[in-house]
Amino acid sequence: MGENTVKLKVKKKSQAGDIWRRFLKNKTAVFGLIVFSLIMLVVLLADVIVSYDSALTQNIMDRLQSPSAAHWFGTDNFGRDIFARIIHGSRNSLLVGIGAVAIGITVGGLLGSIAGFYGGKIDSVIGRIMDTIMSIPLMLLVLSLVTALGNSLINVLLAMMIANIPQYVRIVRAAILSVVGQDYIEAARACGTSNLKIIVKHVIPNAIGPIIVQATMAVGTMILNAAGISFLGMGIQPPTPEWGAMLNEGKQFMTMYPYIVVFPGIAIGLTALALNLMGDGLRDALDPKLKD
Amino acid sequence: MAELIKTVDLKKYFKLSKTEYLHAVDGVNLSIEKGRTLGVVGESGCGKSTLGRTMIGLNNATSGEIWFEGEDLLKLSASRRKAYRSKMQIIFQDPYSSLDPRMSVFQLIAEPLISNKVHKSKGELVDHVSYLMEKVGLDQRFINAYPHEMDGGRRQRVGIARALALNPEFIVCDEPVSALDVSIQAQIINLLMDMQEEMGLTYMFITHDLSVVRHMSDEIMVMYLGQCVEKAPAAELFRNPLHPYTKALLAAIPQPVIGEKMNKEIIRGEVSDPINPAPGCRFASRCKHCCPQCTQADVPLKKVENAHEVACVLYK
Amino acid sequence: MDHTTENMIENTEKILEVENLTAVYNTDAGVVHAVNGVSFSINKKETIGLVGETGAGKTTTALAIMQLLPERTGEVKSGSIRYRGDELLTKNKAEMRLIRGACISMIFQDPMTALNPLMTVGEQIYESLAIHNSNKTQKELEPRVDELLELVGIPARRKINYPHEFSGGMKQRIVIAIALACEPLLLIADEPTTALDVTIQAQVLNLMDELKQKLSTSMIMITHDLGVVAQTCDKVAVMYAGEIVEYGMLEEIFDPKRPHHPYTIGLFNAIPSLTGESRRLKPIDGLMPDPANLPEGCRFHPRCQECMERCKSGEIYQYENGTHKIKCNLMRKGENDGRAD
């Protein structure tokens, strides 16, 4: 092989490209990506699509209307246009949902990695603290935290994040543990790779699969949890449009007037679905074993 | 020839609970001359892998000395010790689990080079990787392949290329062919021996397979429950095994020759764990020659002939 | 069981005949031809060794006999498997279940995973007895459980222990006890000692040999270790890429003066010798072929040093000399007789 002077092609840099190519081969994942892009577009262009005022303007005469040319998704019990509220609610909902998950996973991931990688006493200490947090019911924990910190969107986010950390610590720790026991970690150590590099290059890429899936599934739950909290009078308050809150407020009219919950429900579901499909696709694309 | 690596009373205990210690390696003395191979044999749980890993610093030794090129590694500061790390490498048993499934062959072989900042430019790195691949007989077309796309033999070649990348002097081969098929096993054994000749490598060859160890080694050390029970030049050990355990081990190998039906000296019982072991010979409970003397005090390794050492009260 | 009544035909009775067995796995990546026209037979009290490397089709052959191929992917394409003259391939699931355990049973490579960790070993042996002795109560079967444990060299009082309380070698003995619970006429052992240490392997092989004598069981020994074959088998089938390339009595296969298939020769040469002094091993070049894409002609030809043009396609010559069969063009009308290095 040596005498043969064919220039070696090393695909090292294009690993991201490889992942992207594998992702594109997965049709459902691409579908998820398209849907999610559309949702993000709505978030960015909300004001262009429909004015914020129309999401707040109450019109008692037009209350509880079915979808029509004037109100595409109908109106709610205050006569507000549901379409406009869903468009403008996207910002708050996505902020709460994705924000809580993103921060939760960062902090939880970090703690979980430390616990899993180093083990021993650090692991026990982190584990006990997380168990303590987990033993408090979610709503109770969030409510007491918001009460203590003061009622604002940021604080609700913070509270939900704290409530969620243990869950991520557990998942990340388990994922890391399954990787740390592998021979290739020891092999990397044997050839002089530093701990930090081992975590970044070996542990995280091999452990990330279940974490991504868990995270994407959690976004929908987070949006609904935020709604529960706003129902209790904290966090996002009416009349600010938010999908979860719309779902909550609409509950009492649901039997006679389903549109009031159907559309926000679809919005939440679609977001969760899109993220989930993307997450699944991303997990598979990251695994070279599943290529082609 | 000068010795390259030597251990003095090397011990590695694992703490199981407040009072229980697993004596995985319990007072091993060995020395390997440059360019030679020491075979370490024993059954699972005898501490042979732990010994290898402790010697190259993957485990922290509990006590003892490891002399390498005239320095006691265990007394060096962490940073100076790191400098010796690249001179001591390991080839793992299982080429399936010892390669990161998410890395390509290039990334895998380049890892030790990158981690030790051997090269400044990408071009040099690529050249070096392809040089190593050629050296271990790995076709260049595999440079972008992932481990799962290759068979066990090729994966083990990647493992060997990684171990050779930093031009080591001492390599611990931890059962490098046990997971491979016979025909592939022979390819890898030949490769390891070629590399040794070419690069003047010193091997510690750990295995449970006596025919492989005989083929590879200059000297063989038999381990039982963390201790060396017998040490002799390879041919001598097979010609004249002294320790009852060595005898039993040799008798237990099924030979691919007919007529020599299963024999004779099958030892009873099984290997236990050396948790807080009592003094005395650790093989005593399975040994048919066991006498009170065996369990009174530890039985040290004694020189019987020139280079033949055995730890047994039968030989004085 | 009715062994004793058959003394007259004892050693010639064919317990199992496998003829032209072809089995495939239908996977996403294509059809994997795992077993391609395998034929062999086992007489009473006989042990046949299936030898070969990973991917040779040894385990698939065993699973096909037990009809335990994975339901969705595995499939027996053609051939016949007769247990004492009775065709197994046409049997339905319920009938097969009666045969498994009572007539043919199997032990697997890894004793660590073959036992249920939540049941005592006594219960597990009892369970396999109870399946085929539904008319008996637990009390009646209890002495048999003790007997089986003692048979494999484990004190009966230990039946109340759980699998984790035993060592690897003892677990494999228990697995053997379970397999022998109903005194099957045929025992299939799939690499029974590969996961064990040499001294323990010697114990287990010895035990299996003793039991075979005592219970007059026939056995299929699947292994990659020619040493184990030499110690335990009467007949040997050397498998390569789903075919039997050489078949014969143990003495024939292990006799270096006889002609052999190049693959068999390669296998012997690849083992480092315990006595000889050669410094270099002679490996077989190349790799096992991809079973989804087998080479034309002789499956071994890409790796064979004696490969001729006619080996690359078409039918391969089948050499027969009494019980010794070799599938190789080199054997054609004795033109290469006696060549064996």
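Just so it is clear, A, B and C label the chains in written order, and each chain counts residues from 1 on its own.
One rule holds for everything that comes next: contacts are C-beta pairs under 8 Å (C-beta built on N, C-alpha and C of every residue); 3 or more make two chains touch, one makes a residue touch a chain.
This is a predicted model, so every value here is computed, not measured.
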### Task
Tell me which chains count as touching both chain B and chain C.
none
### Task
Find the chain most remote from chain B, comparing centres computed as mean CA coordinates.
A
### Two chains joined by the most C-beta pairs in contact, as defined above
B-C
### Query
In angstrom, rounded to a whole number, how far apart do the mean CA points of chain B and chain C lie?
32
### Intercentroid distance (Cα basis), chain C paired with chain A, Å
53
### Query
Can you give the whole-Å distance between the Cα centres of chain A and chain B?
48
## Note on the structure
Note: in the complex, chain C contacts chain B through residues 53-54, 167-170, 197-203, 205-206, 209, 224-231, 250-251, 254, 266-275, 279-284, 287-288
## Note on the structure
Given the complex, residues on chain B that touch chain A span 53, 56, 58, 82, 85-86, 89-90, 92-94, 97-102, 104, 106-107, 110-112, 115-116, 126, 129-130, 134, 139-140, 143-144, 146, 148, 159, 162-163, 165-166
#### Entry: Residues of chain A touching chain B in the complex
1-2, 4, 6, 8-12, 182-184, 186-194, 197, 201-202, 205-206, 286-289
### Contact set on chain B toward chain C in their complex
43-44, 151-153, 181-187, 189-190, 193, 208, 210-212, 214-216, 238, 248-249, 251-258, 260-262, 266-268, 270-271
